[in-house]
Each structure stands twice: as structure tokens, then as C-alpha cells.
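Next come two complexes built around chain A: one with chain B, the other with chain C.
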Partner chain A sequence: MKTLARARAPWKVIWLGILAALASAQERVLHVMVEDPLLAESWELLGTLSREFEARHGGVRVDLLSLGGAAGTMDRVKLLLAGDVPLDLTRIDITELAAYREANALVDLEPYFEGDSDWDPLEWFPICLDALRDERGHLYGLPQTFTPYVMYVNLTLLDSLGIERPAREWSWEEFHAICRQVTADTDGDGRTDRFGVSLTQWLQALAPWIWQAGGELLDRSGRVSRWNEPPVVEALTFLHTLLHEEGVASDDATFENQQRRGLFQSGRTAFYGPVGYWERFRLRAVREFEWDVLPLPRHRRAATAVAMSVYVVPRTARHPELAYAFLREVLGGLPYQTRMGAIGNGLPGLIEAAHSAAVRNPGVPPASFDVFFEVLGEARFLPTLANWRKIESLCQAELEGVLLSGDVAPEEAARRMAEKTDAYLDLERRREARPRLPGGVMSAAVALALLFAVGLYLTRRGPPPARAGRAEERAAGAFLSLWAVGFFAFLLGPAVVTLVLSFCEWSPLRPLSDMAYAGFDNYTRLWGDGTFHTSLVATTLYALLSVPLTLALALALALLLRATSSLSSAVRTAVYLPAILSPVIVAALWHVLLDDDGLINDLLALIGAGRPRWLEDPSWVVPAFVLMALWSVGTQMLVFLAGLSGLDPTLEEAARIDGAGPWRRFVHVILPQLTPVILFNGITGLIAAFQIFAQPYVMTQGGPGDSSRFLVLYLYESAFRHLEMGYASAIAWVLFLLLAILSFALLRSSRRWVHYASRSVGR
Partner chain B sequence: MATLSLRGIHKSYAANAPVLEGIDLDVAAGELVVIVGPSGCGKSTLLRIVAGLIQPSAGEVWIDDRCVTDRRPGERDVAMVFQNYALYPHMTVARNLAFPLRNARLPRARIAERVAAAARSLGLEGLLDRKPSQLSGGQMQRVAVGRAIVREPKVFLFDEPLSNLDTKLRGELRTELAELHRRLAITTLYVTHDQAEAMTLGSRIVVLHEGRVQQIGAPLDVFARPATRFVAGFIGSPPMNLIEGVAEGGVFHCGPLALAGAPAEGPLVLGVRPEHVRVVSRGGTGFAVRAVEAHGNRTLVNAESGAARLRLCLGGEVRVKVGERLAVEIPQDRLHWFGGGSGLRLESG
Partner chain C sequence: MRRLVLLAVGLFYALPLLFMLEVSLQAEGRGLVDGPGVLLRDGAHFENYAAALGAMGGVPRLFANTLLLTVVSIAGQLLCCSLAGYAFARLEFRGREGLFLCVLATMLLPEQVSAIPRFLLFRWLGLVDTFAPLILPTVLGGAPFFVFLFRQAFLSLPPELSEAARIDGASEWKIYWRVCLPLVRPMLATVGVLTFLATWNDFWAPLLYLLSPDNRTLTLALAGFHQGYNTAVEHMMAATAVVIAPCLLVYFLTQRLFLGGIRTAASKH
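Let's turn to the complex of A and B:
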């Protein structure tokens, strides 16, 4: 009997498996993209709440996905949606909402709210819900957290200097005066080490100054910029004075620097801002000084900006009704909203949560917690335009010219911002009038390319083989077909699609059928696009510097390390190691090394060479990336080593006997023999240099200004941040043509300077 | 003209594995000495030591009255022609020829003059603008020689310069090289594994085996009186018959073979050149023919009798069949005797 039972056991397992598979087929999975799991306190709670949600809704499983917290967070959702990943619910930034809505990528939740008897909009901050409505008043989501921008203040520092703490209604003049009083060189080394303010520099943080001066970013219609007006210039001039003319403001508070310990956190500035509630999270570790928050200083009027993260239901959602339920019950519920506020990452949109004791947390700074609510009356969102991110990026580069480097006059920057924005808005208007691309054009183009490739094969294959050769040909065909499938599916196919796309306008959030025909507009736009020009110049400069330098270094290392010894193989491994590291890791490492107070600057200071601001100074940022490229010469060095090992040693011996010294042997004997390897490394290096992406993406996001917005980064931003896939495709094709021409020119010129080995003479 | 002396040259890359041991050699001014030996005997290493490309583990290299052991190759005033010619592939013939002169920083006019002279003497005038890849093997060889002579060095070093050429061309160039040496009379060390080159080119030959000098002497002396069993087997084509046997009471025995006049008792090696074996009669008893190679001008015959094996070199007109029996005779004065253990030559009483 026992044997029989054992024999039946495998069948039991199989049956159970089939039943489980059937059950899971009926299970509905809700994919929810939430915040960074590093916020362990909320992640754990979210897990518990999700389990409770699953218990309430039978047959549902909640799959929590992390959006991550690093650079490019905002683009990740777009990439997923463009790839048709079925997200049911996702967090996005409010500045992106219009773009998603315009691409019809979100579910209008109004019907769900209307049918929800428990829904009471009055439980939420009106400013938050208003930002989530369209022109018809339809609601598209719920806030995760939000925050108005305020000014953080180091009370201990002000008190120690005998400076009176500013009142809540304070002016630019008072702010300016305190900054002057605080700024000092405390250790007498000739460098200012205590500043009035750490001035934040991204557009959302700069907009309040413009609004306070009485200016606007766009006119009411949203179709004309107002950058060029006096209040904008006044605001920029004020900030330029603080930063560069008087040096009472430090510029360490860039968007990229937020994750790092800044001067304010170190107690070396009196003010920090304009910045949001999230700083409470970072400052909770500060024990060295007492801090508080203040409304922003006012000028002609009081104004501040609001940042907000919201949850929305993408059009790709498989279960929108469940997503709505999860939004209302979990993400919009009191426990989660309260926890988010308590962590300090942002204020909850739910009023009850925002005012709860857990969020207020009496006894924990800021003492003036209510400031966050008091300023809401004067708080505004940035303009809600579908392509606001593009305008933001166009202007950010100019703003950095005024604020970060200080070498652009405020008037000039304002004029350029107006010019760029208006040109872009004009383009947007023209875009609306474009005809749709007839359906089937894309498929026809791909089919044509395929036909062309097959035709090329058939005409070039030569005479058919004799009977005996046919089996061989079939076998060869079978082996090659694997490669051919890959080539057509992943190279030729996409290449043809991008070629067609480069003559179209298309947002990756829309279906491929929804494409507008743009003719050569994408290419003509490149001609007049200042950012593209800057990008091209930066990329060319990078390539011009990095390619010869890396070639020279790789060759020098290969010559040094070509001897076989245990030491040289150890050094070879060490030199090659960076080549196998992920570029992201390399970028993170170099971010630390190139810091103002990083190892490289410490070494430079030792030899009295000064401390370049590698990643903040536009003139140093390209050299910084060249330096990084030099560190990763391992692969090129290996190719040179292989080339050197293939050299005929008798030539060098002959040269030694012929009386040539080391230099003449290198120049006249070794180098000419290595020219094929130099050509190979040169062309592959050139292509790699023109395709630099990961390092600037991680380290500078193209800044300061546009000085490190290399071509592929600009291409990526155009495609996945600004959703201009057609324009990005045009950039890709221009880059391809440029590389093809350069490679061809190099190959042509190689006839004159590359020496291939003579007919082999057997040894 | 310069003299070249090698004194106690020793080279080893690992302990107990010497490549060269105690090489002493004096080359007179203007003399051409050929170093010959099988592959791996150390002859190229010796040449590279003279050139300065390899440092000896011990010993000295003297050119004239100057010890150059520690001098760099370029400072020794030697020129070398390599087996693979070692022409710089990216330079034209003219630039290849001029390269050593440019290194010596000679004035342009002098360089042009000497390049033209070298090209003229080697018949390279029409090839000056060509790259090595556009030359034939023989032309490349001439350029390599040209690059050596253009410097007017004290010593010429040739490292198997003809071994990459076909037999016919090798013969032609051998003659040209001999003529060139006669004309220039530059002290020359010439390495080859080809005994025909050794015999025809050198005024003396040095036979090297396993890093040791086996014999130094004029080619015909070495041929006629090989100093060791190795030299006897190496010099001469077809090689000398070496028959191992035992001598008792002055009679050498190997299988059915018995020869009187053995110079010593005990194990001995009898050496007989194939061309010195005479066929006395055909048929009957004697050596049985096992293989026949008819070369036209001569017929090589392998024959055996019991343990004794013999190679004969007969006239081209002689017809011999496999299986045929040959009675042979070897003149006493053509016998070479070598010690069975030492392999050294023994003079017959």
C-alpha cells in the first residue's frame, strides 16, 4: 500500500500544480509603481496595507514596484508605458501630468470618483486637487505628497552672530542684508567659507523669485513667454548679485547635489532655499544647530512654488477599477498619507493626515511647522503645459549660465530664454496642424527594407552551387538564419522605423498608429536648435580630446606592460578592471573623486594647481569626462598589447643593430607596424566617444547649462523626457551619418598612414 | 678590416640547461667563417650575442682590440642580415637602405651617395621606390644585404639568409654572396644549417652541436677528417655510414662484417662515406639491397647484411635492383674510426 501511495505522490503534485496554475490564471495582479523602497518605513507599511487590500478584494494580488530614487526617475515611467508594460497605478510628478494627459496616456478617474459615495474632495487640500483636474474639472489622480517652497534658516548661526531672526513677512532687502552680514572667511584662507544662503537653482525653486518681482513665466494663454520682461531680469539680477557679484550666496544647492551634505547641513549658511518640506527628512539628523522654516522673502508680492507627486492610472492599466480602489483605500488612505508626511518626504495631500500629530511631530523642528500651510495661499504650480519639461530644460541651461557659472548677463539669459521658449511654443502650434501619417506606412517601409535585403542577397549570392554544395549551403543558411533573425529584428527593423520616425512626430506614449507627418522639419529644426549645436560642439570636443589621449595612454601602458612578468600582469589586470565595471558605477565613483573637496582636487592642491570645479564649471566639465575616459583605457590597452605581441621582433632587433635609439625605434619601427591597431582603436574609440551617455546621465544630467549635454544624452532626453521620438530619431540619424562620414574619412586617409604587414616571409 | 674574437662565451637561460658552452673563436680580418649545425644547436644565439641582441652569461666578444660585450648593438659597428630579411615594411627600398645611415646622422648627400652605391652594386637601382611587399624573395634578400653593406661595418653577420629561398635562387645568391665577400673582404660570421652553403662559402667552418664547438677547420679538412662522430654524420651528403661494432684483436666486428685495422679494442664506430664504398661483384653473397634511389647523376643504395647497414653512392648509370646481393669493398685509407663512448676520432695505426 505504501508503495502505491508513493507512486501516486507525483501525480498529486502535478494535479496541485495544475490547480495552482488555474487559480493564478484567475488571480488579478495589480501592478503599482510606488516610491523608493529605501524609504523602508513607508515600504513596510505599504506592504501591510496591500495585504489587507488583497484580503478585502478576493483574487487580487498587489505587485509593488519601485520607481527608485536616482537620476531619471521621472523618465522611467514613460519608458515603461512606451514599452506597453501594464502598470495599473503609478506615481508621477505634477509637472508631467499635462504631458501624459495630452498623449491620452491616463485614465480619466472622474467617473470613478462620481460613483464613489465615500469620496469627499473637501478632505483634500484644494490646491492639490485643482492641479490634478483638466479644463473640464475631471480629476485624474490623487496626491501622494506635496510641498510649497519655503526658506530654511539656521537660528543658531543667526543668534551667534547677533543677527535678529527675521519675521515671517520679510523682504528681499532684509534677506540680502542678513546674507551680507553672515558671509565671511572664518579661517582666513582667502576663500569664503560661510555664506548667507545656499541658493537652490532649479526652475521650480527660481520661479518664486520671478513671481515675487511681479513677473510671469508665460502669458495666460500659455503660448507666449514672458521671460524677457523687466521683473524676470530684476529677479535674475538680484540672484546674480547674491551669487557672483557679492558672493554672499553659495551655489552648492543644485538639483543634483540634493542627496549630498550641503553647506547648510554643515552649519555654514544661514539660509537654505527656496526648498520644500522634504528637507525636514534630511535635516532630522542635524543636532549641531537649531533650525526653522520661514516663508520666502517677498518683494512686490508674496509668492512661492509648489511641488507635488501624484498617483495616476495609466491607459495601459489592466484593472483600472481595482487601481482606483487601491488609490482610494491605500494610497489615499489616512495611514499611508500620514506615514508619508511623518517620514518628512512631503506633506500629505489629505488634510487630516497633514495636521495629524504624527506629521506635525511637536518637539521636532521646524517649530514654525504651520508656515507650510500659511504660504499655500500664495503658492502656485509651474505652468501646466504638455511640453513644460522641454521648456524647463531649454531655460535651465540659460539659468545655469547666470547663476551657476555667472558668465552670462541676466538680460542676455532672459532674452535667450524668451527666444528659445517662443521658438519652441511656435513649433508646438505648427505641430497641431500636421497631417496624420497614413496607417501602414511604417509596416510598408519595414517590408520594403526586408525585400531589399533579400533581393540584395539573391542578386549577390553568385551562381547556384552544384548538387554536392547544396546541402552545405542549406547548413550554412541554417546557421546564418539565427544571426539574420537577430539582425532584422533588432537592427535593420528598428533602424528603418527610426528613419521613418525621423520624418514624423510621435510621442512614445501614443500608439504607433498615431503619428503625424513632419517632412524634413525635424532635420531643419536641428539646424536652428541651439541646444543641438551646443551638444554637437561638446560631443566633438569630447571626442577630439578623449580619442587621441586615450589612444596615447593605452599605447603607452601597453608598451610599459608588454613584458611578461607577474607584476606587469597584475598591473594589466588593474588597468583593465575599470573597463568591466558598469559605467554607472564608474560615474558614481568619479562623482566622489571629482567633488570640489574630492581626491583629485586634493592632489591638485598639493602641487598648487588650484581646485577646478569639475562638474559645476562649464569649461571643466568636458575635461572631467575626458579624465574619466582615460581611466577606462583597459580595452584599448588590451588591443594594443595584442598588436604588440603580433609584431615581428626581428624588425626591432634590426633597428637596434642599425643604431636606432628607443625613440627612433618606436617612431620608425613599432608605431608604423601598429597603425592598423591604431586605426581600429581610433574608429571604435571615436564611435564610443560620440555615444557617451551613461556618465553624463548619472553625473551631470547635461549640466552645467548644456555643457555636458552630449548628443546621445540629448537624443535620450528628446525621446523619453520630452517625448519627441521623431526629433530624437532625426538626431540619431544625423549622429549615424556623422559617424559614418568620420569613419569613412578615417578609412580613406588610412591608405596614406596605415601600413599593413608585408607578404609574410616565413620564419 | 677587423678581427673578431669570441672568448669563453657561455649562455644559459636556466640553471643546468646551457645553450652555449665555452665557445672560443677567432675570425681573422676579412675572413668568412660559417657556423653550421642542426636546429637548436645555439648557432643563432651565438650570432645574436655577437650582434649584441643577447647578453652572454659569461665570456667576451672582441672586435679588433675593443671588448664590445657591454656595448649596445648599434655601437658595435656590426651589420646583420636576418633569415626573414627584417625589412621595414612601411619604408621604401631607398629608405630601408638609408635607415642605418640616418640613425648615424650622416649628411643627406652622403646618405644618397652611399645608398646609390649600394643599390648599384646589388642591382637594386630600379627598385628604390618600391615597398618590400612589392619585391620578390631574392630582391628582398638583396635589399637586406644592401642595408648591411651600406653602413660599411667592421663585421657582417648573416643569420641563415638564404633559407627562405627556393633551391635554384639559393644557389645563385650563394654565388653572389661569395663574390660580394671577395669584393668587400669584410670579416663575416655566417650561420646556416645548410652544409652546402657551409662548404662553399666559408674559408673555415665551425660545427656546433648542443651548444659546443665540435670542430673548427677548413671545409675540406672537416669533410675529410671529421673530429667527432657527430661531425662525420653531419657534414657530407649523403651522410657518412656509421656502423657500431666491437673490435677484438684489431678486428672490427658488426654482424657478418669483419674488418681488420681497428685502432682500439672494445666498442667502436666505423665511419665510411657512401661514395667510398665500391661494389666488387653482384649476386652471390654480401649485402642485400633494400632500397634504391636513382638521382640521375648518382644512385643511392641502402643495403644490409645482418646488423650491418650500409648506404652506397654509385654512379648514375649503375642499375641495381632491390633484393640483389652486392659484394663490397672499402679501401683502408677511407675508413674513419670513432670511440664507441666518446664519439671522438681515433687515428688508425
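Let's turn to the complex of A and C:
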């Protein structure tokens, strides 16, 4: 009842009332967000185990939700918690644990573990549990699966080349030598098609090299980076040599597209790594060659990284005690843990499950299964920092310059990584010292804006109408009311609040009362933010290229297709169809088309052109998106067609009689009449171009480097991945101002070039 | 020559879709290295489709969700925007011009500018992870562009129409509903079609609000499937083909409506 009384809005009281009534009338529902739905067998098992759990705990219903296995899943849990959606238990990635813990978004499970007589921490891998503890030693959850990073090896390939299989303790030099021996152009077409190693390149896979060289990512305090030290440069230089100077490593194994090409899978690389246990699942279909795993080659010391998924209880849990019971009995139980390991996506955290015959599965590679356990002594997690994902994203952008495109010197990248990381850590420290925004400021701002709008209307609306007009005015009010509510609540009101938010700093995982006042800091930060600069330049470049090109192409197509014949009508359909497809579909499709070996490059090869690495080369990625925009010009073409059909035919006829050729007729007769349509297409195209989001989100996640981190993508990431709502609001306002200025400039200039003839289309 | 150019253009635009079909039918795990022609050698593998749908999970549910959202959005958008457009076009009230200018100006306001406070609003209402955050803004607010389109359509009707009805004693609602609305049917079709495309293809709002798997839409599921760590390229293309199919079906069934709709919108700006 207390919560009901404290709720601020009548709406919320009603809402909570309904929920409370429902909850008391029905059983307790436990919302559990679990792993990948791809794994049908684990899903079934989980269903059975949940039914058993329900039978043991009367009046409980378990609602299993699948999280999905995609890159965006980490964001989804954040959105659920930020959106205050009740969730009792959820899977998260260990690299995000600190972010949740720092925002106080997780339930400290220590009291539950202490009160649990059956709990024996020794049943679990110590390295896993340690990562789940805070500095006081309190435990926040249990592992689902984990894996150290190892190296996969194609034994058949090594044997066929007469290369001796490396020992378990092998060095960078041996690794390097084998890579050189394997690399070859087997079909003599001038392109290497057999590589030493398919090298993975995300930060977690890269950290082992740095550690082996004797380096560290951050210093002990977690306040200063150590990127700019010789071991880091040495590791980066080594990888850069493999990838670019000698070309003995292939770069197909980036985080985004490791599944698309898979050179190791097709038997064309000797090594693949550093990667985790999950590859066993992907390689299950390989019959053509024998493969195994090895510890990573070592340098000054042996080291490897660990990845882990864990189950935690969020603050929004309605039934934390039941969630704990479910965690212990089902998710931490032997059957589930064993099944997870047997599927092959990761090793179970429960020791007994990890060593079970079902997981070991002797008939199935790798023969050296024990390597995964042997390397645990040298395995480490990435640093635990609340803002780690932001730092990861900052560094990843630099790393791609060294590893993927290869045109940035390792020293240069290391220096910039250190700079960016330190600047961000600095920002974090300043953040702690900020004053809280007094409560009510936000509401006051909204009220003020509303008052201002009403005042403006009342003073500017003019004299009252005559008696007869009053009824009409009332009717107008009624007609507009529905729309006006939405207009102010969802469009104009929020835009004003965004402006206020851009002067604040706040993470949506925290309550509203934790909002801090930041002054102009968000804007000054934008000014000095290299990522934002790149983003702004990329977005502007995309708009400058795509808008005129799509306009020209759409107009050309419209002219070509305006005749009425069955062929041109069929072609019209073919041209228009892509325009009705969702950007997500277009992105999914073009991601494959633009692959190194995709259709576009095959076509380019036919005409003897080069094979651009569209999505891996920073200078080709924006043109790649422009190409996609050109494929989706159908709507603009239709608008031009409509414009063309509205032209005055007598003018063209007159020009023809006067002896004007097709080009002259186009320039002097058709084009002037079409200028209003061009203006319309130009402005709508401009707005759409600046809002490009789904394509980079699906295809590149902003990479390589920051070269496709367009403004809206950066806004989304800032707000909902790095949880910087204030900063994201500042980006939103810059975006709006930019668009407003450009549109006004275009409209202004249109007075000089747009002709509204008597019979032209338009008003 | 002209026919040749036409054919080349048509082929260029159709090729990506044909390529998608080809990859979706090749044997799993081949990747793209083999190039075209692999179908002829290996034969078509239709089982990719079953596997892809199974892996994406709950496809009927995804369809149902997307359809529900689309239908409700279209109905709401048509009612709300036509009412507003009617008021702006055919009813006299104080401040009409100023307010309408305001509507026009918001056409330049990107959705993302209001996204964050909107999220806070729906969180406060406890509506995150429901369909409400997707439906309410379209049903209540409506796109300014559509209000504008309806205003243009209603303006083109002769004023005598309403006057005659008024003399007959019809209420404003009746004039709108019985007299004027039936006369702007083409515009209803236009806005309906544009709303269909916008809702069916939307990605931003579902990404922010539809978080539980049972609430996902087709595009959201496809994006997730595409980024999955274990998705084979053949399955990805098969899933893409399946998601494209209903769009094409709707397009071919309502081609006239579609093309007419876009054309009306284009000639009214």
C-alpha cells in the first residue's frame, strides 16, 4: 500500500492497482531471461526443469524469456532494466557486470548464499566465482558458461604440408614460422588463398597478445591506461606484421563477420584464434579435416583471456528469493549446466558438469579437450570498470585502424588509445563530483514550456469570432484534441525535454532523482570528442554523396521509364520493389552482397575493376551505404514519374517543333517544370540521409574504426549502450539544428531556382 | 537499344534478390567463396528454409505482432490525421495559421530528438516492453506530413459542400464523416499505404521498446538473427527471403493502391 500512496500520478496508481490485483489473484510469476533460443535442446530442458521447479514451489509460474544470441542482446537487458520492466533473473555478459553493479541495478545475493546450507562454492571454478564478487567479496550471481581463449588448429592441413604439429608450449616465433610456411596462392591467381591464421580481432581476443608481451591494459587503480607502453606496441606490431606486412594472417574473423566467411571452416587456414570453446559448436559440421585446440603461443609469459555469461538478479525483480532458488536449483543445477556444456557454446561453471562425459564427448573433437582447463591458470578477465564498454568501443575503433585496414602505425594507435581512454576515465572522475539536479527542475521546465506555448497561442490568436463561429471553433477544438495530445506529449514536449536533458548527466539505470547538472559540459565534450567529429563528417559525407546521386538516378530512371510499355512497366516494378523493403532487410541482404566474395565484387571483377573491401576499408564503407541508397531510389523515382505526368505536353511538343533535341528539351523544358519536385525529393532525402541508422546498426556497428558511426547510431549507442542520456540529448539537438539549418538554406535558395509555373505540379 | 538499356536496368535492380535466392538454396556451410554455379552442381537445398525459420523462432508470432501493430497504426493514423487535417482545412478557428505553421515546422524534427524523453515517459507509465509506445504516438500524434496531406485533400473539396450540409442541419462531425471523408478516399489510401510501409519496416521504435522475444516484430527478429554468432549465410538469406515475401505479396495485391498512393502524395506537396 505504501508504494501506491507514494506514486506520483493517478495513472500510475491505477496501473499499479491493476497489477497488484492481478498479482494477488494469480500465482507469483517469475520472469527469467535465459540464453539463446537457437539452442532448441537446452530450451526444452529448461522448460522441463521449470515445470519441476513449479511443482516444488507451490503457486509459482516460471515465465522463460529468450534473450537471443546477437550482438544487440547486451543492450536489450539494459533497456529492460532502464525501462523498469519487471525481471527476476537475467543473463548478462561478465564485462557488463560492473556497469550494473555501480548503478546499483543488481541484488546483492550474499545474504542468500550465506543462508543456504547447501551452498558450496568449491563446486564451481574459482576463477568464475571470483569475477562475480565485488570488492567486499559479495557474490552477485552464478556463471552460465565460460571459456578461456585458445587456438584452433587444422591438423590435416599441417600434416599434408609436412609441418610438425606444434607442442602445447609453443612460442610466437614458432607460430609465426608455421604461418609463413602455410601461406600460399594455390591457384595462381595472384591472391593469397591459404593463410597461416584466421586472426580474431576484438579486444577480448587481442588482450592475450598484450599480456603475453608483458603489457597491461589499465594500471591497478583502474584510473590510468597503460596502452602507451612498449609491450602493447610490440603485440600490435606483431599482429600488424602477420596481417599486413607479410599477409600470412587473414582478417576474415572480425567480430561482426566471423560467421560469414569462415576460412578456417573451409580448410583454408592452419590456425584460427584466439577464440573460445563456442567454436566447437560451429565446427561440429566439419568432416573434411581433423582439428584440435592448442594453448595460445606464448611470448614473455603465458596468458589468455576468459569470456563468461552469468546469471544475476536485477533490482527490478519482484521475487528475489524465488529468483535465487531458481538460480541455485535450475540454472546452477547439474542437468542444465551439463547440457549447456554439451551443446558446445561454452564450458559450464560447475566443475562436475564441465568434467562430465556428456561435455567431454570423447568421440568428438577436440582431442585435446583438457587444454581448456590447463590454460585456466594463466587466464584472466578484462578489467572490471563500470564504463568498460565505452572504453572498449573507443579502443576498438583505433585497433581496427591497425588490424583491419592496416594503415595506422601501431605506435600511433597505442598513443591514441591511451589518450582516449585517459580522457574518458578523467570524465568519469569529474562526473562523480557533479551536483545533483534539484528535484522538480525537469517538471518546472516542462510546465514552463507548456505555459509559454499556451501564452503564445492566447496572445497571438487574434480577436474572438462572431457568435456563429463559436460552435465551429468548439468543433475544431474537438477534432484537433486527439491529435494535439500526441503532438505535444510525443513530439514537441519531448523535444523540449531533450534540450533540458542535454544540460544534465544521467544513467537510465538510476532513479530520476540521481540526475546531475552538467552545465555546458556535454556540448564542450562534443566539441573535443574525436568520435563525434568522425561521426559528423561521415554523416555529412553520406548525405552529400547520397542525396544528389539518388536525385539524379531517380530522375534518370523516371525519364527512362515514363513510356507506357509492358517492358517498362515490368522494369518499373523491379526498380520500385527494393524501396518498399525495410532498411533492415536491405542491410541484411547487402551485407552479403558487399562481402569480399559477394555479388558486387564478382560483378566488378567481370569488368576488370578491383575488389574493394567495402565494409572493412574505412574509405569504402560510406560509398557502400551510398550504393545501397541508390538501390532504394524507387520512391523518389515514383515521385518524379508523378511530376513528369503532370507536365504540360504542349510545351515539350512546341520545343520539338522548334527543333530542340532531347537534351535541350530536357534542360530547358522538362527540368524547369520539375524543380518543385526536385526540391521536395531533396529535402525529404536530406532528412532521411541524416537519420540513417538501421543499415550501419545491422551491418557494421559503426566500424571499421568509427567510419560508419553515423550521428543517429552514435546517439543510440551513447544513450542506450553507454547510458549517457545527457550526452545523447546534446547529440540529438546538434542533429536537429544541423537539419534545420540545411533545410532552411535549401528552402531559401529554392526561391532562385524553383519555378512554380501555372500548370506545374505543386500547390 | 532502348529495350536493352531497360533490360539492363531491370536486371541490375533484380539481381540482389536473385542472388539472395541463390545463396539461400545452396548447401549449408559453403559460404560465398564458391561463387554462383554451385546450385547447378549441388542442387537446391530447400531445407535451409525450415532450418532458418526454426532458428529464428516463433515466426507466426512475429507475423502476428507485426500485423497487429500495422493494422492498429493505420486505423489510428487515418482517423487522427484526417480529423486534424479537416479542422485545419475546413473549420475556422483562432490561431489556425500559426498552429499549422508549427505543424509544418515539426516535419523537420527527427524522431530521435524526442526519443529519450519519450522513453522516460513510457518508463514512467510502465509501458516499456509493450506495444503502447509504438502505437500511441502514431495513433495520437500522427505524422505532421499526413496532417498536411489531409489538409490539402480537404482544401480541394468545394466549400459549398459543407455549407449545403450545414443548412440541412448536419453536425460538424456528420459533415466530416458522411460528406467529406468519403470524397478523399484516394488520400485515405495514400496515408494508409505510407503508414503500412512506415510501421511494417520500422526498426528504431521496436529496437527500443519491444524487448521480450514474444513482442518482437519481423524486422527486429531478422536483425537479431542476422547478428547471431552462429548464423550461417545460407540461413540468413533464407530468413531474409521469408521476411521479404509478405511485403512483395502485399505490394502485388495492392499495386494500384500503392502506386496511386505514392503518386497522390507526390503531387500534393
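Keep in mind that, in the parts below, the second predicted complex is superposed on the first by the 723 of 763 C-alpha atoms of A that agree within 3 Å, B and C clash if a C-alpha of one lies under 4 Å from a C-alpha of the other, contacts with A are read in each partner's own complex, and residues count from 1 in each chain.
Basically, a contact is a pair of C-beta atoms (placed from the backbone, for glycine too) under 8 Å apart; a residue touches a chain by one contact, two chains touch by 3 or more.
Keep in mind the model is a prediction, meaning the values are calculated, not measured.
Superposition of the two structures on chain A leaves chain B and chain C fitting side by side, clash-free. Of the two partner chains, neither chain B nor chain C is touched by A:540.
With chain A as the common frame, chain A serves as the apex of an angle whose CA-centre rays point to chain B and chain C; its value is 30 degrees, to a multiple of 10.
In the superposition on chain A, A:498 contacts chain C only, with no contact to chain B.
When the two structures are aligned on the shared chain, A:356 is found in touch with neither chain B nor chain C.
Of the two partner chains placed around the shared chain by superposition, chain C is the only one that A:577 touches, whereas chain B remains out of contact.
Looking at the shared chain after the overlay, A:693 reaches chain C, while chain B stays out of its contact range.
Among chain B and chain C, the chain that touches a larger number of residues in chain A is C. In the overlay built on the shared chain, the residue A:557 is in contact with chain C alone; chain B does not reach it.
No C-alpha atom of chain B lies closer than 18 Å to any C-alpha atom of chain C in the overlay.
Put simply, chain A uses residues 761-763 to touch chain B in one complex and chain C in the other.
In the complex of the two chains, the chain A residues touching chain B come out as 648, 650-651, 653-661, 664, 668-669, 672-673, 675, 755, 757-759, 761-763.
Of all the residues in chain C, the ones that touch chain A in their complex are 3, 5-7, 9-10, 13-17, 19-20, 23, 28-29, 31-33, 35-36, 54-55, 57, 79-81, 83-84, 86-87, 91-96, 98-99, 103, 106, 108-126, 128-129, 136-137, 139-142, 144, 147, 152, 171-173, 176, 197, 200-204, 207-209, 211-214, 219-220, 222-233, 236-237, 239-240, 243-244, 247-248, 251, 255, 258-259, 262-263, 265-267, 269. By the touch criterion given at the top, residues 48, 51-53, 72-75, 78-80, 82-91, 99-100, 103-104, 131-133, 137, 140, 147, 151, 164 of chain B touch chain A in their complex.
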